[in-house]
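Take this structure, written in structure tokens, and hold onto it; I'll ask about it next.
The chains carry the letters A, B, C and D, assigned in the order they are written, with residues numbered from 1 in each.
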Amino acid sequence: MSPDLVRDILIATVPLMVIFPTLFAFTTWLERKALARIQNRIGPNKVGVPLTRYGGRFSLFGLGQPLADGIKMLFKENIVPRDADRLFHLLAPILALIPAMLVLCFLPIEFPWTESLLPVQAFLLDGAVIFFFAITGLNTLAIFMAGWASRNKYSLLGGMRAIAQMVSYEIPLVLSAVVVVMMVGSLNAAEIANAQAGWNWFVFTPWGLAAFVIFFIASLAETNRSPFDLPEAESEIIAGYFTEYSGFKFALFFLGEYIAMFAISGLAVTLFLGGGAGPGIATLPWLSAMWFIAKIFALIAVMIWLRGTLPRLRVDQLMGFAWKFLLPLSILNILVAGFAHFIPQENIVSKVAVWVVSLGILYMAAKGLNQLNRPNVRPRDYKYAE
Amino acid sequence: MTLHHYLILAAVLFCVGLIGVFTRRNAIVVLFSVEIMLNAANLNFIAFWRYSENPALLHGPLFTLFAIAVAAAEVAVGLALVIAVYRHFKTVDLESMDTLREE
Amino acid sequence: MNEEIAFWMLSAIAVLGALVAVRKRNLIHGVFALMVFFAGLAGLFLLLLAEFIAAAQILVYIGAVGILLLFAIMLTERVAGDDGRRMTSRGWFWGLVAAVAVFVVLLLPPIQQFPSPEHARAIEPSVKELGEKLMHPYVVTLEVLALLLTAALIGAVTAAQGVRMPKEEDSPE
Amino acid sequence: MSLLGGGILKGMAVTLRNFVGSYFDRDRLTTNDYAWRAGDSLPQHAGEYPKEEGEQLRDTTTVSQYSRNFPMLLHDEGEAMDTIRCVACQICERECPPQCIYIEKSTEKMERGGNKAQFYPAKFDIDVSVCMSCQICVEVCPFDAIVMNSQFELSTSNRFGGLLLRRDDLLKSNGYYHKIHPEEAAARDRRMAEEKAAKEAKKKAAAEAARKKAEEKAKAEAEADDKKQEDTQ
């Protein structure tokens, strides 16, 4: 391998491997803090700058908490159950992290130092979006591996739930991304982002808005976030597939989960929220990466907010929601996008008409599906109470 | 890298799949040995396309795409059959499934 | 140079994965080895600049077929396969011989006779081109494929569901 | 027909209100910071936590939501082991539902406070990780030797023996008891004093009765003797 190529690859990949784990640490703090405030608590606020007085005035809202957590994780005992498949038990957390890290390369984040390295930018690959989905799908395998290798019924249940859930929600996820791919006419992530330059974000179109909502819901399920966190439902199956994991292996799972969250939010930003577009990037090009990460964090914030709000779904509700609600809607959305594309939209009247008609169709369809899926349950008759 | 490298690699992979089909008795292992053989064939298609006179025609990738789709269908039906057979014979051992009618 | 290293590494991964998949007693380990093989093959496709095929390979084989195999294994017996039963079939030796014979007799001479172009032409890989080809000359094939997949879906569901036996047949004559 | 997803939006509005509100309205906070950091800016109803490290509280007759209530052993004024009330009768050990009390009786008796010599506990352990604060031991103790404590900082980094309280950890003076539960302690002391008085009175009465009985008996015997003498005559 030529040294130039090695250098270029390192410059293209190492920053991703530094920036996103750092953001992960920050996000764990953010999540704990936000959830605490939603529940009228204070949240972590003790650990501050290292080597200053414990609980002193340099606590900085507990920003040192992730560091302390990380150190704790590193020094914890690594427990492997006696009957576990030792090799797979070791490989599963690594396999969970690798695809998540890998797909970060497909996000069109234009860091200032990458401008000269165009040939090694993975997002310039012609099929970047399809690669993204393909590699994200590998996460399921890691989860199954963890669940199976632990030799624990709860782990296996969690693993099986995760597979069923991720396979089901991958379909609406891909179908809602198909709308954007169809409109841009390219699977290239950079081209999709460029097509939304200025304020032409796809979320500001009727079909784009619907697709974005579907994509966001499906991405919640895909990353096992609440309210779709059944694979790790602690009130039902302890911690699901990582019940038997401790110490650093658990930390790797945790990291992988959050990196996957960043990645899928990054894809949502690329597809619907204009990539790195935003005010001020014409004069200061490096702002583009900042905007991209800021948009990712906006989505993460909504995810945290939803986690603080919604209760967990039941398994049958989960599957029914994917197959009987999101899937028909996302297919209908493809048709709506096609019609909206071919109706001329010169003046404001026709634009408004297209908005009203397409959103109306989608809303009525959603309403109808909701009615159809509603279980036929009468109010319960109580024999003895009252 | 020449075309021969890829062809020999594909032949080796095909042969490995063939060994699996011939020597294993678990129906599921036989099924995934067949998959290995199909993939070896796909590799041949792509290699021939890459080294062909006119790659712009995209015959190789198109055929491979169709082959992948057919293989997916084949696996789905094959595994459904394995499960149906398992329900009947309580085994996936190919050598124990030696009756054609109910006893 | 880069390409050669990549080729040898990827082909080693693919061959080892395939061998382990075929010979491993533990079925789950076997399936994961099979996925390693699929991944190696996807790498080879990338090396041959067929990137959409590589993505499809990962998406379909690892993402769908692999998971399906795992489910099938979980639904049937003998996951770990450590019950001491014989792993190989009855005529395994002759099977091995036949397989090697196929390799030597059928595949090697034709490969050697095949005129080998020394260098591949430079191409600009394009997914768009592939999509347009699918729409223009091969649209019928695509539709037939869609039909086939639907049929396979329905067939798989009915086959796996099994036939409900009427109760009367169970009673002894 | 309600708006599709309206419930979700309503829920999100509620959580948003809580999120923002918790920054402005301190009374919303259900937990409070360690007091010696938060200083005087505590929420109003959170005042039951010690203001300084190690400080004990004013009256916590009603159970405070911030304290943990586990039993302690009482001793009267003076050296702890010389005035321990417990006589190792093991009633509490037998009555304890989760069986978290372990007592070993001493081999020799010990006199204390001028009373009759009694046994004392050579070992008295309570595993507070098992204790469920049911107070049954307090109810059954005939000697008022075990009462409930209120503690705030029980946490420990020792997961094996850290929560096993030994006899010497459990021994607290009656003065301490008066400090943490003044009303209850006063009531208990009053009752003990009454009981003691009653006992004394009873003892006196019993002694009187015994004396009377003895006198009567002597009298009767004398009479009987007289009768005998008469009979023999």
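The rule we apply is simple: a residue touches a chain if its C-beta (ideal position, glycine included) is under 8 Å from a C-beta of that chain, and two chains touch if they have at least 3 such contacts.
Small disclaimer: the values here were computed from a predicted structure and weren't measured.
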| item | value |
| --- | --- |
| Least hop count linking subunit A to subunit B through chains in contact | 2 |
| Computed distance of Cα centres, subunit D from subunit C, in Å | 73 |
| Approximate Å spacing (C-alpha centroids) for the pair subunit B, subunit D | 77 |
| Computed distance of Cα centres, subunit C from subunit B, in Å | 5 |
| Whole-Å separation of chain centres (CA-atom averages), subunit A against subunit C | 30 |
| Topology of the chain contact graph, where touching chains are joined (line, ring, star, complete, other) | line |
| Contacting chain pairs - touch in the sense defined above | A-C, A-D, B-C |
| Residues of subunit C that touch subunit A when the two form their complex | 1-2, 5, 28-29, 32, 35, 51-52, 54-56, 58-59, 62-64, 66-67, 70-71, 74, 125-128 |
| Subunit A - residues contacting subunit D, complex | 34, 37-42, 45, 55, 305-306, 308-310, 363, 366-367, 370 |
| Subunit D - residues contacting subunit A, complex | 1, 4, 8, 11-12, 14-16, 18-19, 21-23, 28-31, 33-34, 37 |
| Complex contacts: residues of subunit B adjacent to subunit C | 1-9, 11-26, 28-29, 31-33, 35-36, 39, 42-43, 46-47, 49-51, 55-56, 58, 60-62, 64-66, 68-77, 79-84, 86-87, 90-95 |
| Of subunit A, residues touching subunit C in the complex | 1-2, 5, 85, 88, 125-127, 130-131, 133-135, 137-138, 140-141, 144-145, 148, 160, 163, 167, 170, 185-187 |
